Each structure stands twice: as structure tokens, then as C-alpha cells.
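Reading through the C-alpha cells given below for one structure.
Chains here go by letter, A, B, C, D, E and F, matching the order in which they are written, and residues are numbered from 1 within each.
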Amino acid sequence: MRPSGRTPDQMRTIQITRNFTKHAEGSVLICFGDTKVICTASVEERVPPFLKGSGKGWVTAEYGMLPRSTDSRMGREASRGKQGGRTLEIQRLIGRSLRAVTDLTALGERTITLDCDVIQADGGTRTASISGAYVALCDAITNLTQSGRLKKDPIHGQLASVSVGIYQGTPVLDLDYAEDSQAETDMNVVMNDAGAFIEVQGTAEGHAFHMQELNDMLALADKGIREIMSVQQSALNP
Amino acid sequence: MRPSGRTPDQMRTIQITRNFTKHAEGSVLICFGDTKVICTASVEERVPPFLKGSGKGWVTAEYGMLPRSTDSRMGREASRGKQGGRTLEIQRLIGRSLRAVTDLTALGERTITLDCDVIQADGGTRTASISGAYVALCDAITNLTQSGRLKKDPIHGQLASVSVGIYQGTPVLDLDYAEDSQAETDMNVVMNDAGAFIEVQGTAEGHAFHMQELNDMLALADKGIREIMSVQQSALNP
Amino acid sequence: MRPSGRTPDQMRTIQITRNFTKHAEGSVLICFGDTKVICTASVEERVPPFLKGSGKGWVTAEYGMLPRSTDSRMGREASRGKQGGRTLEIQRLIGRSLRAVTDLTALGERTITLDCDVIQADGGTRTASISGAYVALCDAITNLTQSGRLKKDPIHGQLASVSVGIYQGTPVLDLDYAEDSQAETDMNVVMNDAGAFIEVQGTAEGHAFHMQELNDMLALADKGIREIMSVQQSALNP
Amino acid sequence: MRPSGRTPDQMRTIQITRNFTKHAEGSVLICFGDTKVICTASVEERVPPFLKGSGKGWVTAEYGMLPRSTDSRMGREASRGKQGGRTLEIQRLIGRSLRAVTDLTALGERTITLDCDVIQADGGTRTASISGAYVALCDAITNLTQSGRLKKDPIHGQLASVSVGIYQGTPVLDLDYAEDSQAETDMNVVMNDAGAFIEVQGTAEGHAFHMQELNDMLALADKGIREIMSVQQSALNP
Amino acid sequence: MRPSGRTPDQMRTIQITRNFTKHAEGSVLICFGDTKVICTASVEERVPPFLKGSGKGWVTAEYGMLPRSTDSRMGREASRGKQGGRTLEIQRLIGRSLRAVTDLTALGERTITLDCDVIQADGGTRTASISGAYVALCDAITNLTQSGRLKKDPIHGQLASVSVGIYQGTPVLDLDYAEDSQAETDMNVVMNDAGAFIEVQGTAEGHAFHMQELNDMLALADKGIREIMSVQQSALNP
Amino acid sequence: MRPSGRTPDQMRTIQITRNFTKHAEGSVLICFGDTKVICTASVEERVPPFLKGSGKGWVTAEYGMLPRSTDSRMGREASRGKQGGRTLEIQRLIGRSLRAVTDLTALGERTITLDCDVIQADGGTRTASISGAYVALCDAITNLTQSGRLKKDPIHGQLASVSVGIYQGTPVLDLDYAEDSQAETDMNVVMNDAGAFIEVQGTAEGHAFHMQELNDMLALADKGIREIMSVQQSALNP
């Protein structure tokens, strides 16, 4: 049995609140159960050096956790003077995923930065970040089109992400912290609305996993991602 | 006239939400109008090296702003690799203020860290941080006394903070960003419930201020701080 | 057609040279075609703080590229003052993979560090690193058992890694740089000798990939990893 | 009684030596008793990015202490790799104070940097720094006007700074280290020659201070600052 | 007797392998006995800021040691976040030496960076680096002249380097690690093919050395450097 | 002719002021003409980790330049976040030189740190630093013996340092900045009172130097160092 009492294929409650803060072009609070992440999208009319003069834009992400978003206090990365490997890995994943559904040429020479800041963590912060950042990105794009700065929508697909894993021998969907810390296998999946994969990252924690287990986990991920996409749609088109 | 339409001695609406996140021993969301800060208090059973074996505890603070808490995106300090001078100045102020109402010997050899993270900024983030951190600190102390780890309450005074300044020639209370960025003088005041000063930090931005102006500003601060203390009390004793 | 003229399921020539340098407990030069990585294993009789007194050991990795291992010179990370996100991501992957086949309790309170330094890069440096580091780890363990410091071999499985991807619409095995920089999908797979997965990391670069493509790539990876394991065995038991 | 035998309203001996070193446009050694600070003013014909093209100049400051300026050796900030919070706070204060008496538009697009380096510390290093930096700034301006690079003097007021505090229940002027380390309240005051405040920074160390104590301290500061200004005038117009 | 059995004026075997890696304009593996260094020369069509518009080029060097090039593992400088003093000292020496035989005006506004990476250390890594970097520099220049980017050879002298020292009272040539760690005096000498000195750096480790000892050591260095130059010539003109 | 009008073998005026600042166990201001360096010696009753339990002490040095000790302002190393290569090279040289005349076993498990801070630079800052640090070290040792913490004087030789070089074809002694910046060869020499060498560091700037030139420079250095030692003796035994 799962610690939360959920069935193996049951997601936590997903909630998406748009316009959570007032300054950003897109600002979303996304909750996967007790995991809560603020995702903001910021538009800046400049691009990194390697894109200057290319006519293309850039979508990138930064990720952080408030020091006491977790059970015991983590040192603040700003105070330690550098971002850890896990942080860099996650923000690279978020940026790469969002670029996979964005036509950078259609975006033009501007940068959209997605800041994903975890205010409360209970497992799945990176998948919540990706799923929430997608909504914030859509809002920022709408802001650009409504203000006349963009003519064509550069987003060419919907995107969401969920974790799956093997907990006590059973494939389960959307692991919370109690499961995540005990899981034998942990996998993060990013998919688009055509049901195709954008990222698949599976790690054997306790023992190696077999082809059949991989397929079972991917099937669960597919189900979960469809549910998250439905919540994203309801939030974007209330 | 003030941009917000407030009278010179009128505070913004103050709201304090306790138990805002679930992991910390104290977790408070404090709003001074559109300025919103998450203040958490974390208890750790260890002290900095200079206090080891002294029998005394420590109260300290860290401060941060989410990159898009402001009108235009600020670079993330964790990514830049260091905290700026303003950040260090503010977190030193918060820690010093809270230590002024805490009996560190009564606290015993443990550390309470107050993390003040601004999720939306509209002026007065440091005074909101101090006022919210006080409530989070009280909750952490209650947690320690209720769990039997502390016998005596080490907090020996209530504490709040507000900004005052001179805007278009007039002393005003609790400046928002529109006023703060135009003020001729900016002053942050921390007081205790006996009406005495813990910190007074006044800076002439446009022109130097005179004794009478100083006295007028301090009288406004006294009024504002009494109002904040009343909201703190309502939150702590609902 | 592949730029190298290889068939889709054809590996590059794999070469493993043991005892490449003289100081390390394990020292291997591994070549996947023109990709050349020095993998050394260093034994130290201490563990990270979180394992002190636990009776368990640790296996970790560090990764680096010589500045001119690549076509145009990269800045030296030691000179820039920090390791980039890609470096941290890769060294976390290498360490995690090797721990998956090591019984840390049987290792005892000592640390084995695998340093993987790329002297010439032509795609697949991380998979070559993992495959070579496994051999260096085996040599370090043999060193420990032969010197009587270890009684039981803590390695409980063989491990190798290869990249697969989709190049011009076709799933291909062991991508070189010419393919890697153009691939629509790039996937790194780590497997053990039981044919089970330790890591699966697939990224859609150009377009999202479907379940069938995933399965085709994993079948190629399985074939390639068996071939690498055969070369590892020949190197270890000449 | 004060450890030094001074009366409560008695300053230490103030000495100002101009042209202390030979390269800088302004170079001053200022002594407040045993506190000795070298203040140099350096003119550079460029401004920070945020002022480029604005027609305005900039006045800024950096502060440092030689490692053995204090009773026990402090680690060198250059060696530790960053400036501490106290250093950043002090150099921000010095720069802000000097800008308060400088017409940046009249200065034109150039930067004057005041370096304040403490070679011997005995309390009051920041107030000595501000008071000495003012003289160095005047010399740098004179250098600019005499060389024809500036037509109009951009300095529109005289400025000095002193510390006041409450020591053993009595308000005292210009605290030395023996008093500073025991003071119940510590306050740094910066004033101009019109007797108006530029900065007021008061901190309760032992117990909170009342309005009357604040007023007593500010009266002492006013007296002390007039005396420092007299020494500044004698130095500038010998 | 020397630990290696060599006579006092006997060099270790010197081997130089050109084209050791494939990407660099010059790539050399140089071995002084068991000391092995990869020296690559990278040409970039830009110069440091202080040379922009000067018409002159730049030759510079970076030095590193693989973590397990030594008997016990050294921390990786990229991971520690800075290059140590010894590293900076050595790379400054290498760059300075090579600039002494290069006409920077004839080179034109481009930079050649010599990366010297020690893969196995047994004493004399800096002298091997200089001697190998010279060959890599020649190859990079040949690459520039053959491709028509340079008309005139900017190298105006041959250069090599060797260490000498006093070991157990006797001046010896080309110290290996066993000698180096016990030597009373250690001296690194860089000379050109006219027999003149480019660098002389002698350090008394155990006791100070006298004029006669200095002269004996320099005579040994002269002999050794002629031998290295002969190997360089054989490598460059096979 | 030398820019200063000195003869080739003429030193600048050397002045040594002991007890320059009040806190350090040794504090010296040394002037080589316009080059002025504060050298302090600090005693700490602890040793670096590699000497713990060895019974041996340590002598080390740190070097810095005030930002405006030079003709144009240099960035402050504390602000840039790291010490440059030149700084590290010089402080390694100072520490190594002083250890050459100190019996570390006789010193016992304590550290003496020599801080050499240049307040005005005009060439020869490293040689002035070494020569002044020697006197500060003697004072710190006297402090230890007079307070009964040391029984035996661990200093077993006198030490001084001077620069020599070739300026416009002529060997000259004690170069000032005007010469140093134009010299064809620059050499720093550290000798003891037995006339033996502790460090010899010669660098060809313009053209390589020959054996005869080396000998001429070393003879000049010997003369200059004897003169500095005489000034050291007068300062120590007034």
C-alpha cells in the first residue's frame, strides 16, 4: 500500500493558480499535493551572446528551493556561493523541455526565463515545475501577442511532466516524498499532447529495472500526464 | 497626495498568515499591502563555533528575493555566486533585531534561523520581514516549549518594524515602492512593545533632514508599529 | 547513411588499456573510436561526513575535459572557478551508476573516486567514461583484496553504457560527434550484465519520440552494451 | 568613568594628514586617537554601466582592514574570496554619504572611488573613514578643477561623521574600542555643515533606547561633528 | 647515488610525440622519464582586451594536473573552485618563457594558448611542460603559415627547460620526484639555443647555496637543455 | 643614466620603522625610496592541519597592495573575489624565504603570519616585503621569548632581499618603477648573512641574458643586501 493510501495509478490533487504574483508576465502557483512551486515567466528583449543577430529567441529556466521548503533546513545556495549539481541538472531539464515545444525563430530575439521556486517540497518538484512553467510560459506568450509584440504563437505543443517509480515492487504514479525516498526506481517523464516523449530519465536506486517494468511505468506516466494536461487546460481556459 | 491615496499616517493593510508552509517550526506569510514575504523559523540543535560550550543559543536570519518578485527580473544570487551588499545588510539587520528581544542563555545551545523570502515586492520588504519573522520566531519557541525542549520562554519583548520617510516634503508612514523610489528621506525603525528603539536607520536620499523632521518621522513610526503589533497579537492569539 | 559509414547497429571500435598511468589503484584508457578518456580509481581510507561511523563506504566520480579535447578550445573550469552544469550532471551520473553495482557495506568505510578525464572528444564521452570507470573500479577492488584490506568483492554486477539516438529518422547505435550534434533524439543507457537498466536518459532534440522509437533504441543499446561488456571482460581477463 | 578618562562629550584627538601617499588624486591619513585610516580618492574617466550616456558621474567607496589592524588577526578578505557583510555595509554607507554632498551632474561622466583602508583600529573606523574620505574627495576635485577638467565645484556641502552611544548608562561621544565593545547602544551619525542629518544608524546592543536617550546622543554627535569639521577646514586651508 | 641509478649529469629519457590528439593546431605528448604531459596549442583569432587594436598577438599558457597524476589523489581544482598558487605560478612561467622567443607583432592579433596537462607526475612537470609546449607552439605556427594566415615565422629562437638541484650534497640534472622531494636546492632553468637564460629560478630548500654551487648547477642545466633541444629538433624534423 | 640619477650600484634610501602599528607582535614600516610596505607579524597558537601533532611550527605570509598604491587604481582583490597569480606568487616567495632562516621545530606548534601590505609602490615591493618581514619576524620572536613562551631563538640567520636587473644594457641595483617597467632583465635575489642564496629568480623581459650578466647582477645583489642588512641591524639594535 502507498503511504498516502492512493491507488498505484492515482495522481495527487493538481492545482494551478494563475496570476499568483503581480509583476511577472506569467505567474503560476502549481501544487502537486503538498508540493508547491511558484513558476514565473519573465520576458526580456535580449538574447544570450550565442544567439545575437540570429533572429532566434531563447527559453531558459532557473530553479531554487526555499531553505525550509524541506523537512530539515537546507543551506541557502546564494549563501554557499554556488548552485549544487542537482539544481543545475533540474534547471537544465526544465529549460530543455520547454524549448522542445517552442519555435525559437517565431519567438524572435527575446528571452523568456522561467523561474521555478519551490516553497514547499513533498516529492516531484521538478515535474511540478515543468508542468507549471508551461502555463506561465503560455501566459507570457499571450502577454506578448496581446501587446502586439508577437504576431504568431511560437508554442507548438502542450507539455506536462510526472514522476513514476517502483515502490515496494509495484509501479506507481506521481511519487510523494515518503515513496520517493524509498523507491527502487525513480523515473521522470516529460511528454507532449501527441503522447510522444520529450524526456525520459529513469534511475535504478535499489535494483536495476527490466523492460516490462519500464513499459509499465511509461504507461502510468502517460495516464498521469493526460490528467495534468487537463488541469492545465482548465486553468488556461477557465 | 500619496500615490496610493492614503493619508500620511495611514498604514497599508497588514495581513499575517501562520502555518503557511508545513515543514518549519514557524512559518508565516506576512503582507504589507502588495509586499509579501514568507518568514520561516528553523530550529537546529547546534550553534556557530564561537558559541560552542557557552551554554548560549543563537538567532540569525537570511533574506532573499525571488528573481521576479520585482518589476523587472533581478539576477538570482545563487546563480551569480554571491549575495549582494543590500541582502547582507538586511539579513544582518533582521538577525540583530530579533536577538534584541531574545534571551540567548534561556534559549540554550541551539540556533533558530529566520528565512525571509520575498515573493512579491512593493516597498518595505525589510520591515515586513522583521515583523513577520517575530511571529515565526514565537511559533518556533512555542514548538520548543510544547515539546518540552525549553522550559522558559526566552522572548522578553514584542517587536515590529516599519518604514517612514519624507515624500514631497511631507512625513509619511509605511512607504510603498512608488513613494520609496521618490522619497527624499527613507528611515527604517524597529521598536519593542515598551515604545523603545531597537534600530533606527535613516538615510537622506535627496536632501539632509532636520531634527524636527526626524521627530515627526519617529512619531509616525511609533503609531505604525503599534498597529503592526496589534495585528501580530491577533495572529498569535486568534 | 551515417557520416562514418557505419551501419545503424554498428559500434565504433572499443579499446581498453589497463595500467595506463602508474600511481592510481586503477587506471584505464578507454577509446570509443576517437573518443578517448582516462579513467582512474583512487582509494582513500575515509568517507564523506554523512557516512562516518556507518560502516559503509562510498563510490563517487569526477569528470573533466581537457580544454582542447574538443574542436574549439573550451575555457578551463579550474580557471573559470566552477564546474558547469553539464560536468556536474555527468559526474553525478557516473557515480550513481557505479554505486548501483557496488555493495557499499561490503566496501567498508573507504571511498573510491573515479576520475574520468577526456583527452579527446568525439561524442559519447559519458558512456565511455562509465564503461571505462567500471574497469578501473574492478582494478582498485582487486588491489584492495590482494593487499588483504578487503575480504569480499563488493562488486555484484558488470556494468557498461552506450548512447543511442535517432539520426535522420533512423535509430543508430553509439553516436559520434557528427551524428550527436545533428540527432533528433539522444539517449544514454546504462545496463548491467543481467540486461536490466540502471539509467535511461532520453532527450528529444528535434522532435518528440514515440514508444516504438524508444523500444528500437533500447534494443540497439542492449546490443551495444553486450559488445562493450565483452571488451571489458577481455581486458580484465586477458 | 570612560576607560580613556575622557569626559562624556570629549572627542579623541583628530589628526588629518593630506598627501599621505603620492599616486592618488587625494590621499589622506586620518586618526581618531588610535584609529588610523588611509583614505584615497581615485578619479577615473568612466562610469558604471547604469550611468553611461547620462551625463552624470559617480562617487563610490571601498573599505578594508589590514589583517592585523585589530587585536587578533582577522582573515584577509582577498584570501577568503569575498568581502563580509560588515565590509559591504560600511562601504555602501561611505559612498552614499559622500554622494549626498556631491552634484553628480556637475561632476560629469567620471567616477571618484574612495578607498578607506584601516591600518590600525580602535573603534569608530567607519566614522573616521567618512570624515577622512571627505577631505580626499575635496583634494581630488581640486585636482580636477586645477587641471581644467572641471569648471564648477560639484561639492555642495561639508560632511563629517562620528559615533555616539550609551556606555554604562551615560551617553558618550566618539567611542573607542573599549567602550564600543561594551556599549548598550551604538549610533553612527553623518551630518552636513548646515547641521542636518545625512545618515542616522542607531542599534540597541544591550537594551532598547528611549526618545530622550536618542536626543541626547544626537546632541553629542552634533557637537563632535562640528569639531571634526573644524579639523577638516584646518587641513584643507592650512 | 641517485635513486634512479643515473649519473649526476644524466637526463632521463626524453620522448616527444607530435599529433597526440587530433583537434588542436599543435598537440604533443612529452615524457621526461615517468613524467608525462600533454601540451596542446590552440589558435584563436582574438586577443586579450589590453592588446585590442595594438596589432600584436599573445601567447599564454594554462597548466593542470589530473587528480591522480600524483602518488596520492589531489583535489580537482575545478571542483575546489580555484587554481592554487603553484598552478598560477607555473602557468605564468610557461607563458612568459614562450613569449620570450615569439615576436608578438609578427604573430598579429591572435592568441595562442598552450595547455599543459600532466597525466603522470614524477618530478619536473614544469620543465617538461615548457619543453613540450615549445614544440606544440611550432606546430601551431606551421599550421598558420601553411594555411596562409601568417607570412613570417614569429618564432625567433628555440627554447627548452630543465631542473637542476643539489641532492645529498651533489649537483644533479633533471630531478625525479624521489630526488626533488629530498633536494637541498631546486632550480628550474629555461634557456634558448644561443645558450642564454630566459628564466632562472633557484630555491634553497634545506640550506642556502653558494656561488660555486649555482655555477655548477647552471653548467648541468646547459648540458641538459642542449640534449632536450636535440630531441625537439628530431621530433620537428623527423 | 638611471632615471633617478643613481649610479648603477647605488641603493635607494632604506628606512625601517619598528612598532609602526600597535596590535601586532611585530610591526614594521619599510621604505625602499618611495616603495612603502607595512609588514606585521602575528603569532597564533595553532598550526595548519598538515603539521598538527608534529611538534613543528609554521611561518607563512600574505601580500596585498592597497588599490591606489599604484599609479592607476587597481581593482581590490577582496572585491574581485580572488587573489591574482602575481599576489600568490609573491606571498609564496616571502613565506618560503622566511622559513629558510627559521627552525620550525624550535618554534614549536604555533604559526607566525607575515602580512605585507604595500601602501605605496615604486618598484621592488617584494624585496622590500621580505626585508621588512624579517625584522617583524624578529620582533615577534622576541615577544615570544620575553613572555617565556619560547626558550630558544628559532631564527638561525639574517635575511634580506633586493632586485637587480639590466637597464639600457647596464646591470643596475634596486630598480625603481621607471627602470623596472623598461628593464631587459629583472632578477630578485634573497640572501642570508653568510652570503649564500636563498632564492634567485631571474626573468628575461626583452632579451635573454648571458652568464657574465648573471654574475654581474649577483655581485650587485650581494652589495645591496649587505647594505639592507646593515639597516636591519641598526633598526633591531638601535
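Here is the rule we use: a residue touches a chain if its C-beta (ideal position, glycine included) is under 8 Å from a C-beta of that chain, and two chains touch if they have at least 3 such contacts.
Since the structure is predicted, the reported quantities are computational estimates derived from the model, not experimental observations.
Steps from chain A to chain F, minimised over paths through touching chains, total 3. Seen as a C-alpha superposition, chain C sits on chain F after a turn of 120°, to the nearest 5. Averaged C-alpha coordinates give centres for chain A and chain E that are 50 Å from one another.
Work out the mean CA point of chain C and of chain D, and you get 59 Å between them. Across the assembly, chain E contributes residues 81-82 that each touch 2 or more other chains. Touching chains close into a ring; read starting at chain E and passing to chain F, it gives E, F, D, B, A, C.
Those residues of chain E whose C-beta lies close enough to touch chain C in the complex are 21-24, 27, 34, 36, 38, 40, 42, 44, 62, 64, 66-73, 76-79, 81-83, 87, 113, 115, 117, 119-121.
Residues 82, 84-86, 88-89, 91-92, 96, 100, 157, 187, 191-192, 194-204, 207-211, 214, 218 of chain C are the ones that touch chain A when the two sit in their complex.
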